[in-house]
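Both complexes shown next keep chain A, but they swap its partner, so chain B is in the first and chain C is in the second.
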Partner chain A sequence: MSTLGKKLYRWVDDRVHLGDLIEFMGKKYVPVHRGSIWYYFGGVTLFLFLIQVITGILLLLYYKGSEDLAFESIQFLMSKVSFGWLIRSVHSWSANLFILAAFIHMFSVFFEKSYRPPREMTWLSGMFMLFLGFGFGFSGYLLPWNELAFFATKVGTDIAGVIPLVGKPMMIFLRGGEDVTGATLSRFFGFHVAVLPGLFTVLLGIHLLLVQRQGMSEPLGAEDSPAADKKTMPFFPNFLLRDLLFWLIVLNVLAILAVFFPWELGQKADAFAPAPAGIRPEWYFLFMFQTLKYLPAQLWIVDGEVLGILLFALAGILWTLVPFWDRKSAKGQQSRIITYVGIGAIVYILVFTILGWLF
Partner chain B sequence: MNNTPQTKRDFLKYVLGAGVLAWLASVVYPVLAYLKPPKQGEVEVTTVKVGPLSAIPKESGEIVRFGTKPVILIRTAEGDVRAFAATCTHLDCTVQFRKDLGVIWCACHNGKYDLSGRNIAGPPPRPLDPYRVVIQDGDVLLSKKS
Partner chain C sequence: MLARLLTFLAVTLVTVPAARAADECLVCHSALGDTPSTMYPGDIHYRKGISCSGCHGGNPESSDPERAMDTTAGFIGVPRGNAISTACARCHSNAAQMKRWNSSVPTGQLEQLQASVHGKLSIEGRDRIAQCTSCHGVHQITAVGSPKSPVYPSNVVTTCARCHNNAVYIRSYNPSLPVDQLEKYRTSVHGIRNAKGDPKTAECASCHGSHGILSAKDVKSSVYPTNIPSTCERCHADPGYMKEYGIATDQYAKYAKSVHGVALLQKNDLGAPACNSCHGNHGAAPPGVESVSKVCGTCHALNADLFSASPHKKAFDERHLPECETCHGNHAIIVATDKLLGVSPEAVCSRCHSTADFPRGYRVAATMRALIDSLETSEAIADSLVENAEQKGMEIGEAKYKLREIRQARLESRTMVHSFNEEKFDAVVTKGLTVAAWVGGEARNALAEYVFRRIGLGVSTLIITVLAVALWLFIRRLERKQVREETVTNNSSIS
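After this line comes the complex of A and B, so read on.
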């Protein structure tokens, strides 16, 4: 370290005692076992979120959030601004990879039952962040004000309206009126760049603090083995360097996708045009979308869509609350049923997503 | 009257508690009211003139504006003219006429209606709302059914 660097370090150290922090990092170890690879997906999700923040701020420099200007401002960004197409493409691809990485992270935690005590709060904060991630995806999808986004928003907000009692006021709150209009765009823009990032940052802070405080979760049964038998790796620098290598790989994948498969803009939204053939939402909503397609108009005395939406809501709540009803894992026992539930969920999502792509 | 310090303290607690509640309500109410969008004063459209009947080919369908709402105008192979709200009763997408299938179709969830607006296949739970069609001096006029 240069003399100036040393001086600066000492100046900061005198005030905030950096030594304690370095000592803490030096003592931090990451368990090494057959499932260690899954630890990296939390970091990858974080990395993709950071890319979203940076590219999102860059997009804000040109984006105009109004019904008359939104589509044109993105057209301008993509055709006139140097690398505007690239920034937008990276933002769109990174959003999708973020959801994918979050899904992998969630399922790995689910199958390892790492949500068991004492990490219930970590699971809950993670699940809330995933829901906020869906909110980011849904609100961001509308911002270019194109045909696909317009109808996806109509369907999505109408789904919210189906929920008994609170549905209708919620739909009007989301849309800024009875219909999807420029008022909806203004609201979604506000949610996307202010409300959701604010909430997400708070949850992310809690999530990371809990991970630091409680350390990485170990596989079921491993906690009981003697400390001498456990394989570990220092967090700093061993794990961190591996983390960074993984981030670099993800950055390369992202760059390839963004450059060779640039994100389309499509046609400008027109409230008086029919929904285009082949319309479908983002892939992570596709399994729900496809289910709604298959449900008949009436099931017993309930509208098919109402029943479908309520069942998905119920499944989501049960999934989120798994740390509180999976008693076996809480006691440190293997819980086969939970594993089957997880496999069932993955198979369902995969099958209906593929069906959604094909038909 | 039992004017012990305890009752005085209780009294103060209630006053303070009520004050805090009133303060919270006076903060929360305006915010909640602000979130609810105001009703826009719209000019109520009762009748819309679409254009000459001769300009609408048989076996065709198009979306026309009825104020702020889309309406689908269908002309059947026999020459009948019908109109329905173009908003799918399933999840709010805008429907279209499919000549190849001879139905009104919603691209979002593959809902189908016959040319009388009845839901015949897919998830739509109800028929499309009909509009009244009047031909006057060769022009097609649309109005809401009362």
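After this line comes the complex of A and C, so read on.
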């Protein structure tokens, strides 16, 4: 370190005691085993979120959240502003990769049963962040105010509207009225840049704090192994540098996607135009959308769509509360049923997403 | 009284078939001298041996008025409203009955009448607007082919006009329907010939039909816009029928292939002109040389205005050239392309203008063609560049939108041709060329940006990859060093 660097470090250390922090990180160890690679997806998700924040702030410099100007402002950004196309493309692609990384992270935690005590709160905060991520995706999809987003939002909020009792008020709250209008755009913009980021940041803080406090979860049964048999690596600098390596790889993938597959803007939304063919939600909602399409209109005395939504809600609640009903994992025992449930969920999501894409 | 009786007997003896039984209705009513019975011997039904009771019911064989007009014996008196047509239909809708009278008259007239526009309820709300007698008359009905018949070609126009020329009457049914058809018809070629007694020329029923007349707004009507050409064609494309009139019979064939015909007949574009749009309908006549531009100008208003203000107007008038038709033709008008303009052999300008004859016009035509060609080429280039940039995923919405302005300028320039004014034409084309240059520039910038992005991606990917590899090497070196240090620490602790 140069003399100036040393002086600066000492100046900061005198005030905030950096040495303690470095010492704490130096004593932190990450378990090394055949599933260690999955640890990095938490970091990748965090990295993609940071990219979202940075590109989102840059987009805010030009975006105008009104019915008359939203589409034009994005058009201007993409065609006239230097690197505006890149910022928007990176924002859109990283949003999708963020959900993908969060899914991988969630399933890896699920299959490793890392949600078992004492990490229930970490799992819960992660699940809530995933739901907020869906909210980010749903609200952000409408913001360019293009034809596809307009009608997809209409369909999406219509689906929410069929939920018994709370559906209709919820739909009106989301839309800011009976229909998808400029009022919907305004409140989706508000959710996307203020409400959701605020909540997400709090949850992220709790999540990271818990991870730091409790350390990385070890595979089931590994806790009982003698300390000498356990393979570990220091969190700092080894794990952090590997994390950085992953981030660089993701950054490269993101740049390639943004340049070779720039995010299209499409046609401006027109409420009076007929709905275009091929309306579909973002890919991570597709399996639910496709399931609702396959359900018959009436199942015995229950509306098919209502039943589907209620079943998805129930499945989501059960999934979120898994640390509290998976008693075997809590006792440190292997729980094959949970593994099969996880595999079933992945197969179901994959099959219905592909079906939704094809038909 | 005696004289009347003798007359009746004379008429009866001459006209009634020998086998005919005595018609006591006629005997008494003729003796009373009432008009219907006086008229009836001239009626075709009388000649066919049909008694008064055929329509009025009752017993024609009884001379006792009480028994002859006994309602229990079927006497109905004078039929009113729908009962009139029902009385006619008793025979006219009965094929077997008509065969007995040795008649070839079709038997579906009442059904057609009921389905027609005249079959709707009258304003009283009880009966239909028209009954059989409204057109065919009563008590002196003659065969349709008889010149005495009110529906004979030379009479039918006044028969129809009895109602259709009555503004008060027509207003009560359809206030928007004109009532001057007869006046117009009398000025038409058809009307003039009809007045001279030519039964072959078109009259009301020739185009509108007779019993089954439908509103002109009804798609099944023979005078609905898309059906008009085939209605006119029935006579005008028949060489045998038209022989004596000495006019061409290929108008329909030409029209059907023309830009107007294709639009109307194939694309069902009701805005496209049918025969009557140019020739008129009730007042149908070929437009004169001096009025062609007025006819075409009904739709092509701007072109007609520009032409009227152009130097060609005077030149055409002096040479008695039909204005629009001279360059575009009449029935066989094809899509006007830029090829019509200029001095090439296929261009219409070169028919009059050459380097020797009217050389100024020759030069202007050549310049105009060069300008419009250049605008077309610029548009094609701009279009292709925008498409190319779009295919490469570049956002070029504004330039794409501006392509419309180039097309608009090209359309304007094709209209401006009719001013035959080089300066005005040049102004419109220049406007289009300016936009085309801007659009082309934007598209080229987008394509250059596309290349820049690829290069930028290559450089940034390389930098990130180098960083990743360097980091990986650094991690490996670090971990080897850590292993070595750990080994040294372990060894020293053992020793």
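The working rule: the second predicted complex is superposed on the first by the 359 of 359 C-alpha atoms of A that agree within 3 Å, B and C clash if a C-alpha of one lies under 4 Å from a C-alpha of the other, contacts with A are read in each partner's own complex, and residues count from 1 in each chain.
Methods note: a contact is a pair of C-beta atoms (placed from the backbone, for glycine too) under 8 Å apart; a residue touches a chain by one contact, two chains touch by 3 or more.
What you see is a predicted model; the values in this text were computed from it and never measured.
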| item | value |
| --- | --- |
| Clash-or-fit label for the pair chain B, chain C on chain A | fit |
| Chain B versus chain C as contact partner of A:170, first or second or both or neither | neither |
| Which superposed partner A:75 touches (first chain B, second chain C, both, neither) | second |
| From chain A, separation angle of chain B and chain C (C-alpha centres, steps of 10 degrees) | 40 |
| First (chain B), second (chain C), both or neither touched by A:237 | second |
| Which of chain B and chain C A:262 touches, first, second, both or neither | second |
| Contacts of A:271 with chain B and chain C, given as first, second, both or neither | first |
| Which of chain B and chain C A:252 touches, first, second, both or neither | second |
| Which of chain B and chain C A:85 touches, first, second, both or neither | second |
| Shortest CA-CA distance in Å separating chain B from chain C in the superposed model | 8 |
| Common interface positions of chain A, toward chain B and toward chain C | none |
| Complex contact set, residues of chain A against chain B | 151, 154-155, 157-159, 169, 172-173, 175-177, 179, 183, 271-279, 289, 292-293, 295-298, 303-305 |
| Residues of chain C that touch chain A when the two form their complex | 393-398, 446, 453-454, 456-457, 460-461, 464-465, 467-468, 471-472, 474-475, 478-479, 482 |
| Residues of chain B defined as touching chain A within the complex | 35-37, 40, 63-65, 68, 70, 72, 86, 90-96, 106-110, 119, 122-125 |
| Residue ranges of chain A touching chain C (in the complex, touch as defined) | 75, 78-79, 85-86, 233-234, 237-238, 241-242, 244-245, 248-249, 251-252, 255-256, 259-262, 264-265 |
